[in-house]
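Two complexes, one shared chain (chain A), two partners (chain B, chain C).
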Partner chain A sequence: METFQQQEDKKNSDELLYTDLQVNLEQLQKRVSNGPDLIVRSFQTKGKENVSLVYYSSLVDKVSVNDHLLRPLMYQLDNTSELLGPNLSIPIGKVTKVFDWNDIEKAIFQGQSVLFIDQTSHALIFCTQGWPQRGIQEPQNESSLKGGHQGFVETLEINLALIRRYVSDDNLVIKEHSIGDRAESKILILYIDDVVNPVFVQEITARIQKVNKDAVLDLGELEEMIEDNPYTIFPQFLISERPDSVASNLLQGRVVLLMDHSPNALVAPMTLTAFFQSQDDYSSRWIVATFLRLLRLLSFFISMSLPALYISIISFHYELIPLDLMLSVGESRSKVPFPPILEAILMEIAIEMLREAGLRLPNPIGQTVGVVGGIVIGEAAVQAGIVSNIMVIVVSVTAIAGFIIPNYDMSNAVRLVRFPMMIISSLFGIVGLSVGLMVLFAHLISLKSLGVPFSSSFAPIHLSDWKDNFIRTPLKAMKKRPFSLKAQQSRRQGKED
Partner chain B sequence: MFNKKFSLSFSQYVFLIYKTQIGVGVLTLPHDLFVISGSDGWIAIIIGWMISTIVSFLIINTLEKNPDETLFDLLPRYFGKWLGKIILVCWILYALFAASYSFMYTVYLIKVWVLPNTNPVLIGLLFIIPIYQITRLGLPMISRYAEFTFLITIWMYPIILITAQEGIWLNLMPIARDGFLPILKSTPVTALSFLGFEMAFVLYPRLQNKKKAFKGILLANTMTAIVLIMVTVLSYIRLSETELAFAVWPTLDLIKLVHFPFLERLEIIFISAYIIILFMSVIPYLHMALIGSSNLFQRSIKKPLLPVILTIWVGGLFFPIIGFQPVISIKKMLSTSGLIFAFLFPVVFWIYSKVFLAICKKGQVKG
Partner chain C sequence: MKNKFILTIVLILTLFVSGCGDQMYLEKSDIILLLGIDLDDKNQVTFYASTPVFNTEVKKNYHVMKVKAKSLREARYQFDALSQGSVVKGKIQTILIGKKFLQDRSVMPYLDVILRDPKDDLSSRVVMIDGPVEDILDANMEDKGRLGVVIRNMIDDTFKSGTIHNPNLQQFVAQQFDKRFSPMIPAMKVIHKEPKIAGISFLSHEGLYVTSIHLSESPLLLSLQKFYLEKIPISLYISSNKVQEKKELRRISIAIKDIQRKVKTTIVNGHFQFDIELTLHADLVERMFYLDAAKHPQLLKRIIEEQLDHEYKKIIQKTQKNKIDPIGFGVYARAKQYDHWKKIEDKWFDEYAKAKINISTKLVIINTGVSH
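The block that comes next holds the complex of A and B.
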């Protein structure tokens, strides 16, 4: 029986590099899958050393490998030890010396090149990554009229650069973590050291470290694993693809997560009202921005409860609306054979299907779907007597109201809440609607985002936060960071009192 | 916020007490007062307000000696193990009774005004969902919900005020036409509407800034008194004497008078929204009963007890306790028990605690 210590020693010695180049290369073949893009280039340097350069041709920048690595090695360098010395004679930024196979494997898979040298027990790793990437484009989900037009891309470095261009503060701290046992992904935690509440950083770091999964491919996946309550339909963190809105959140005292190969940033902690802010609000006139915010709030309620209200009035309390309106509603409903709830659900489902269909299709076909759906549902269904005119209006207004909510996740949540609301108000009328809203808000109030009450600013009430929540006061008046974030430096304008 | 013991902010404390007070009473108070003291009923509210404020002061004054303990912690210490437990059980029963009555009342109100054809059991089933959801999460949730309730129902005040437009203020004249005796007689009637300040017995230890405890309770009492006076005076100036004498819900009749060009029968919407306020008096009492029973058994029994209570409530709706006569007679019982527990008990307890502490001090000096 081997003792644990012996096993550990054996394991460690297995992980170390050998001195012989051939043995090392054999070992490499065992460890790294031998795909067609694995390049093992063995040659003699100018100083007559036997070396092998190993890399994945698909993951490296070929120009830098050929011109900046192979050429100096073959024709210029006398000794490989010079590579690490002060007179670094190759034009590559980062060179590291490693002894361990694990580091080598990781480096190769990340697109770095590894140089094995005969008769030494170390290898050198060169930063030569280069992979297919998309150019910076206008954000698709959160387009803006006045703000910046650059959106995040799939490369971590570029995303970091985009944020740094907004926040050039030396207190911007960036901490690196990695998750995923099988496919490792790099995660950066960004925060402004003297602003953020340290509790948030500790909390989110702890939650990231708890994630134990073989691969986390996107930030949305990570979000679900680190959020406070994964069983709710409401997003508790903001996923944004706009560097300016992320920078603004950083400056307010929030923590930002970036993840390699995800064109998004995750912002935490969030409050419900923060989901109704858009970066454009701050660059437009404050009166207009206030109007838009109130409009969003209104549309939040309309989108959740208008069909439910309509159903409850039609099926329970038709005495609520004036007689003339009642008559016209009655006339329009006279041909419809279904009860209002069925009619509403039919229409809602039709419109949800249209929406989903349009979303996944390429643009030109997507438009066709819109036209066909609009004509079929708007005109034919009414004429055929399947739905009433008023219901078409109600459903369309509801759908449009749903689109006004600036955040996609939030708008989806509201979209779904509509259905239970409709069902409950078809059973209990307007009492059902009011109890439904109570349950919904009780749920919202019970939620937390990174320990902060999700409903902060209206429950618990923080009147000072209202300046930037339901309305947008002139920037001059917004002297403090959001109270709910309990930032170390609460004042962001003027002098600390 | 972060794993610390939750503490109530000042506004949460005020809104929690205020929203507990506003509840069942407001809807019927003008009628109840009118029957006894005619159009002078609103003066009785002012007297009621003064009395509740004095009692509130005594409550805070008693608790100040032990700032971290609720009434339920103090009872066994002040009254000894057995007597303390008996009083504790009485308090639990009282809180439970108040909560149950408000619940039954809400079901009855909805049944009468909004959903006459729906089975009350179904209405009860609907109502226990939010009650369970909020009470389950304890004080942090309840206090936040109280704030939310205030915000979401703020539109009700202007709606009620609209009715002042065509009021005949002469109806209030002459003031004290039958002397002050009827006014004093009708004062106990207002007690029911002020019930809720005794919540301070359990809220005070959780309050963040204890110096403001009395100020908060005074503010809550005053807000309640203003709402009550507003409703009463408006009913007197808008509704006829016959209406006031026979209509049980004058406040709702008042709202019935409001018409908009796009909306008739405003009171249906008003009542449907009012249930959130009614629940805000059910939930604090329920919470009070739950922490009281946790004190009784020396461990948290909220989890098993809460569903049992709610099931009993719904089960109770199978029996014909929902009706006009039961609602009226149980209200009298609640009013009486409120007088005992919320008004009489604090005074007795205050005197007792003074005497008790004095004896203790003496004992210590001697010992």
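The block that comes next holds the complex of A and C.
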């Protein structure tokens, strides 16, 4: 086991290739860990040159290596220098010539094949990657009824292809960055050059370059490192697994990040209202879509404050509810030995546990957990007099309302905001709830996403954006891109005035 | 950064210090739904309260308390002594006031504590009980439900059917202070342990009980007042000699759907004169005697109009005799003859008794129903 210091020393030693093949191979053994999947194939080419092909068998496409590389090298090629010439005689897309050990190491770890040639000071790298891949599937978290059913996968190239299929614009700019010192990941920044506000591109590039970490394994991790305020509960960027929604955001003038081995795309900047929109909204009738969006807004408030409201009414303001409701609440509460806040927190935690338990289990078992939990808690707890009927209803309605919010991160944020709201209203009643909501809204207004006000179009007010916020007007009316994004080209439909 | 964090935590924790104190759990409080005020045999003020019992295991689901006290606030401490939870009065549905009490004194000072507390309900119904209030609290509720809810439902339902006036506490107070008319409140009675709406009782401007009218007359009063929700049902005995029929069959019923009222206010010989033209749009819903409507299309209308004029006059005379103005002629007097009103403002009810009131009713029958 080498220490970190030793490895550093080694890196700083001579980085260039030697001319002797044997020396190079010895050097290689030192640098690249000698796992069982490291293949070093030494042979003589048809032109009698001594060469060695080095690759990780787990990371290459074997057909490609065997048929398209080894066979021509062994039986057809006269001279290795032909490999770089204009009449490339092997069917491999990309061949690069390198002199540096670092490039070689990186190439091998990325699944490329490296050809060392005796008596030359360079090596050739062949693009032969091929690794275990998942087929394109329906997005799990953001399934849609009308939109496309393809979701992103863990391979960058495929994800890019999925987006390109929607946006076949020659102004679509794709810039490559890499991140992570130890395990390097490729990141692509996508934007439409003549639409996007260039400030966003500069800002996000600068933020990515600032990240200094040994490895960034997922976009979610990256999000936390580049967002405006990592201490808030609310997501400021959208993480989506739907190519169509990403394409739509690109066309609106947002910047999209793709990362290798992350089956998601990150969209920035986002506003609060955009989290309540789903791609299906644009393909359904506008009246229906408007209804659904208002329903989401309502459920946002229900999910945040219904248990809090209930607690404050039954612990402080019995005057607020109609007499008949009051009587039935009173009857149902009369057997419960706990104060309302405790009862509510018990039920909420039970529901959260059920939800979390169901999430990690395989589908059939997850359903069983739901049914058993639902029956036990819904029926038995009420029978036993631990919770009241009304509380079960309140908690279930709240949970259902939470599921309506289309974005997973936002839904989680709202689900957690509920608890402080409940506590503050158990202490101060409606006054507490109002103050809690005020603090929350003040916080939402103070947030920014890539410098754009998070609650934009409400604070600050942009009336023209209201056409596509909590209502969706007919597509015909939405002639401009969102004002908050300050796109270079604001008109997206009809003639420029 | 670290200090900021600690400060935040401390601030959050201080929340818990001040909270919780004024919590009052719904199921642990005794919520007065029905409040009664009356005088007992020895003329002492007695307060009654009925609160719902939430415990589903007990047989009777409401609790009745009776205390003697000098004021409502004092009574509340005594109610507290009688109840399991803390007694609260933010949801009083009905305030019952005994007839004996109203004959003796005005109820207004006793309700001051309710009017003063912003948390209290100003939409409580105010009802007079013709008889001791205790009878209502002892009434048979086994086949009905919670007392407070039952009484409220009875009053509301009768109000909706257009037969009684139902002022809430705020309106009652406003009526009491208004110089232009005198208050009226619904009256209830208990017969054989069964509560019943009896009609409308009239109070004087000072808040004392004056007289009352029966449930069968009260719709007439309401129609004269141009007060209506959807319809006002009126049943009449026809005394006209144009109808040849036995006495018990001389009845007719109409349902008033719309009222137009024109009031001409003049001063004749230093006294007010009101000429009222009342146009009633109504459905004929019942006619117990025979009348050939095809032959005499106008006859039916005319005999009803005559009868209505007669009934209206009777009611007006009754109010004039008692020097009360529940119909609200004072509103017209003030609006149309302000100079004269200013002179007699403080003795309007005496002046009203001297006023000459002419009424002529026009009936428009919209629908006569299915004829056989």
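Worth a mention:
Just so it is clear, the second predicted complex is superposed on the first by the 484 of 497 C-alpha atoms of A that agree within 3 Å, B and C clash if a C-alpha of one lies under 4 Å from a C-alpha of the other, contacts with A are read in each partner's own complex, and residues count from 1 in each chain.
We take it that a residue touches a chain if its C-beta (ideal position, glycine included) is under 8 Å from a C-beta of that chain, and two chains touch if they have at least 3 such contacts.
These numbers were taken from a predicted model, which means no experiment stands behind them.
Model built by superposing both complexes on chain A: chain B and chain C fit together without a clash. When the two complexes are overlaid on their common chain A, residue A:319 makes contact with chain B and with chain C alike.
By the touch criterion stated above, A:330 is placed in contact with chain C alone, chain B being left untouched.
In the superposed model, A:288 lies in contact with neither chain B nor chain C. When both complexes are overlaid on chain A, the residue A:442 reaches chain B alone and has no touch with chain C. Panel annotation: after superposition on the shared chain A, the angle at the CA centre of chain A between chain B and chain C (CA centres) reads 40 degrees, nearest 10.
When the two complexes are overlaid on their common chain A, residue A:452 makes contact with chain B while staying clear of chain C.
By the touch criterion stated above, A:353 is placed in contact with neither chain B nor chain C. By the touch criterion stated above, A:340 is placed in contact with chain C alone, chain B being left untouched. In the superposed pair of complexes, A:461 makes contact with chain B only, with no contact to chain C. More chain A residues lie in contact with B than with the other chain of the pair chain B and chain C.
Once chain A of one complex is fitted onto chain A of the other, the partner contacts of A:428 extend to both chain B and chain C.
Here's the short version: in the overlay, chain B gets within 5 Å of chain C at its closest Cα pair.
Looking at chain A, you'll find residues 316, 319, 424, 427-428, 432 touch chain B in one structure and chain C in the other.
Remark: chain A residues 313-316, 318-319, 323-324, 326-327, 329-331, 333-336, 339-340, 424, 426-428, 432 touch chain C in the complex.
Residue ranges on chain A touching chain B, taken from their complex, read 199, 316-317, 319-322, 325, 424, 427-435, 438-439, 441-443, 445-446, 451-453, 455, 458-461, 486. Within the complex formed with chain A, the residues of chain B that make contact are 1-2, 9, 11-12, 110, 114-115, 118, 122-123, 126-127, 129-130, 133-134, 137, 141, 143-145, 147-148, 151-152, 261-265, 268-269, 272-273, 275-276, 279.
Within the complex formed with chain A, the residues of chain C that make contact are 15-16, 18-20, 22-27, 29, 31, 33, 52, 54-56, 88, 90-91, 93, 119, 121, 146, 149, 152.
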